[in-house]
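Structures given as structure tokens follow.
In what follows, chain A forms one complex with chain B and a second complex with chain C.
Now for the complex of A and B:
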């Protein structure tokens, strides 16, 4: 999780990723930022994220992103 | 559509509604299909063949894709992991070939009918330096109604079936209804199969609440179109059609009026269509969410023509960004650039594809390409300079989230969007350059007060009515931003709230609407795509 928070901070600095639960719904993460994030986490965790995974529910919080990573790593 | 076309349209919708209610619940969707077919055939009998061809192609593609997926699911059982992988690769390849062919057929019809003239013109221009000097007559075809909308719906359905988001529709007539539901034929919104189909086939009957909601939305849309948009259009048209005659000050006002016209025209039409769809228990997807409250241009495009933006995001931006060539590009960038640029360049490249597509979707002209590039450049500059602004405001101890800072960002976005609208309206990029030059010359500022302003088709009474109309929109918009849905509250409110508001809207449209012998007819801008 800590590594993920580091990546998030790098891609979009200045956001309270630990507590924010509406990252996509409130417009903090737009599609361009999501793609930059996906590229970074795909590399870091060696997972393949497809367009079907790119839905707000998977990116609204750091916890949701982490769960997506865990799901795809299985 | 002008005011009278809307009246015809609403009569058509009401007649359909009566027949729809007479039919048994399970068969009501057939009334919607037949009315859509009739609507289309009245428009143009010959061109209906293209919609039919698109429906046939889309239907069979979906069936083939689902059957390939099911065969894979059956064959993979009890296979070892390696074999499963090979089998998956084999079926993915097969499915990709099917999707590619179907997208080419659907897109091909749109490209040939809409863009042949543009492409031949561009080819001739490209060949000229190589000695090719033959006169090229631009080819143009009549466009089937709503082709730019239903083509995107078809492609969305095909790609979603390929991705396994849902199984293909088994009934051809139902798929045809999905592509030809008459309220969304002319200006969208671009619907998604999994969102629309359950609603289209639910056969919901009459309910007082649904009927009132529909009526409020339709009247609200008519208010936007006839009271605000059409009045704003007169001066905007006069100035844009002959801009060299007018001062930069008058052109600047015309640019603002055109922005008002386009927004109230397009969102008004969508409200009318959404209201009509609600009669049949169908909630079309949201197409506008107070776009002029956006703090950035990217945010504006998430609130303006939402169904087009999300379509490009889901079916162009995401797949392009996650494709193998872009993966390779990312790797090259990571090796040869700093971390910051390595994250920007691949995203920006995919964004360029999206904006070229969005620009061209709006029309077959070089100006629409420039229109797309205009927004691409603004977003690119925003991406590149974002860390700089954060650092600068931290150093100066400025609060980026203060009311003043956010207000200034909204103002900046409105200005940038107004210039985008001007580019959208002018006949050529050269005209756009000339218009910008005149505006920034800041000459004849007194044209606003010397009476010139009110002599160009939109007089002072019109300006007052437009102003009051915008104020109404602003109040409703501010409340909606605060999660208070005024239109929804009116629909579900008590009778002493509901009826006065409905009456006020009807009276506003009848008395303040720009129609009749004194007013020209103004067609919808987005229906021309």
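Now for the complex of A and C:
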């Protein structure tokens, strides 16, 4: 989780990622940022995030993103 | 035909009930678009103001399209403002263009207050509530000429004072004549529109739709992060033609999207705005070998495009696509430092002449005089040409090749180097998603910033195989993610600020 928060901070500085739960719905993460984020976490965790995993629900909070990573790491 | 409005009305008469423009939630037929535009036009025209600027502080919706046309109906010109733009930058645009009116999104009224605008301000609903005054609007059209301004477009992403390129009705008519003929745009065309209305590329799909009866399907920006939805939307709207920035096309290649989901109606894929990495284009071609692909090239100052290349042969991943030849009704010349025409193979600056060349920078005589100059190749009469600042050369096939920006061309260890060439070499590498080369003048160092799975050492050894020693970057900086500006292009200004001491 620490590492993920670091990545998030690098991709989009100045957001309260620990508590925010509407990253996509409120427009905090725009499309380009999400694309960059996906690239960053695929590389960091060596997982393959397919287009099918790319749905807003998986990116609305750091927790949701972390769960996605865990799911794909198995 | 002297104005866009005349051309548009002809289309409305031919295709009154066809969809002109739509987004996820709303849609306007040609008749509805004209009626909305006339109402907005009337609410601006009653002010009595002509040839003035109207700021459109609106999101990319069919209503914004109606406001653009409405402004043209009123005999004024529009400036579309990015609704996500910081207030300070909006203020500097307002200072440059001095709008007499603003049409705004109701939810943005607070930001409008912060801007401190004091002229006529109307919400889009207010602007639409006027009764169309056909007599007044046709009197205005009668008096207009093709050299009247249609819009003013501010270049984004650059630092310092924004420059507003002033583009006329005649510019857009001439330019879209070429585009429509070259890419067979007809009433059957359905564009999937990616680029914002404050970006020159949107002029192309928007106005070529309005002139032919084609449909402009606005793609919600968020779908570019959720590509399955993007493809679903494109299929639902039967999008057959796209004109996108390469960064948007690369999304599909980078995540192998077509393995999971495919657009079903694509016939034409056009791109411009930045260099298209051939490796990513080859991905598209592998899934869509029969689609027509073309690389379009040009600045806002030539309306959108001045040269183009239709992909007619295959390219290796490490090759660069040509920018081809001048568009019909546009003239280009490659000019050396001393103002002479370059020999084939020799690098020089691209100059553009003809009716696509914009009127100049609004309220900015100094910058206008620097870039809109007399043709250095003839002095018999005053002929204005635009100096693009782009370095190009002809290859053996007689096609133009893009070498880089004049400001990116560097002198390092005695060599003249195009940073774009290093980027191209790097982009051919597996595991590299995007990159940008910078030059730190003060320390005389080439810096490469990139995104991908390659380690810095791996990129170094890969580059060693492809570029000479003097072109090797001294600094390798891997980013979790490349920054992009509001148009979706790599934000070079930001990278430069970050990594090069000024």
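One rule holds in what follows: the second predicted complex is superposed on the first by the 74 of 74 C-alpha atoms of A that agree within 3 Å, B and C clash if a C-alpha of one lies under 4 Å from a C-alpha of the other, contacts with A are read in each partner's own complex, and residues count from 1 in each chain.
Heads up, the rule we're going with is that contacts are C-beta pairs under 8 Å (C-beta built on N, C-alpha and C of every residue); 3 or more make two chains touch, one makes a residue touch a chain.
Small disclaimer: the values here were computed from a predicted structure and weren't measured.
Of the two partner chains, chain C is the only one that A:44 touches; chain B does not reach it. Applying the stated contact rule after C-alpha superposition, one finds that A:13 touches chain B and leaves chain C untouched.
Looking at the shared chain after the overlay, A:32 reaches both chain B and chain C.
Within the superposed three-chain model, A:52 lies in touch with chain B and with chain C [touch as defined at top]. By the touch criterion defined above, A:1 lies against neither chain B nor chain C after alignment on the C-alpha atoms of chain A.
Once the two complexes are overlaid on the shared chain, A:24 sits against chain C while remaining clear of chain B.
Put simply, more of the residues of chain A are touched by C, taking chain B and chain C as the two choices.
Residues 10-11, 30-32, 35-36, 38-40, 49-52, 54 of chain A are contacted both by chain B in one complex and by chain C in the other. Contact residues on chain C toward chain A in their complex (touch as defined above): 221-229, 247, 251, 254-257, 260-261, 433, 451-453, 479-482, 484, 488. Those residues of chain A lying in contact with chain C across their complex are 7, 10-11, 24, 29-40, 43-44, 49-52, 54-56, 59.
Here chain A touches chain B in the complex through residues 10-11, 13-14, 27, 30-32, 35-36, 38-40, 49-52, 54, going by the rule given at the top. Note for the complex: chain B touches chain A at residues 163-165, 298-299, 302, 313-314, 317-319, 321-322, 330, 339, 343-344, 346-347, 350-351, 379, 383, 387, 390.
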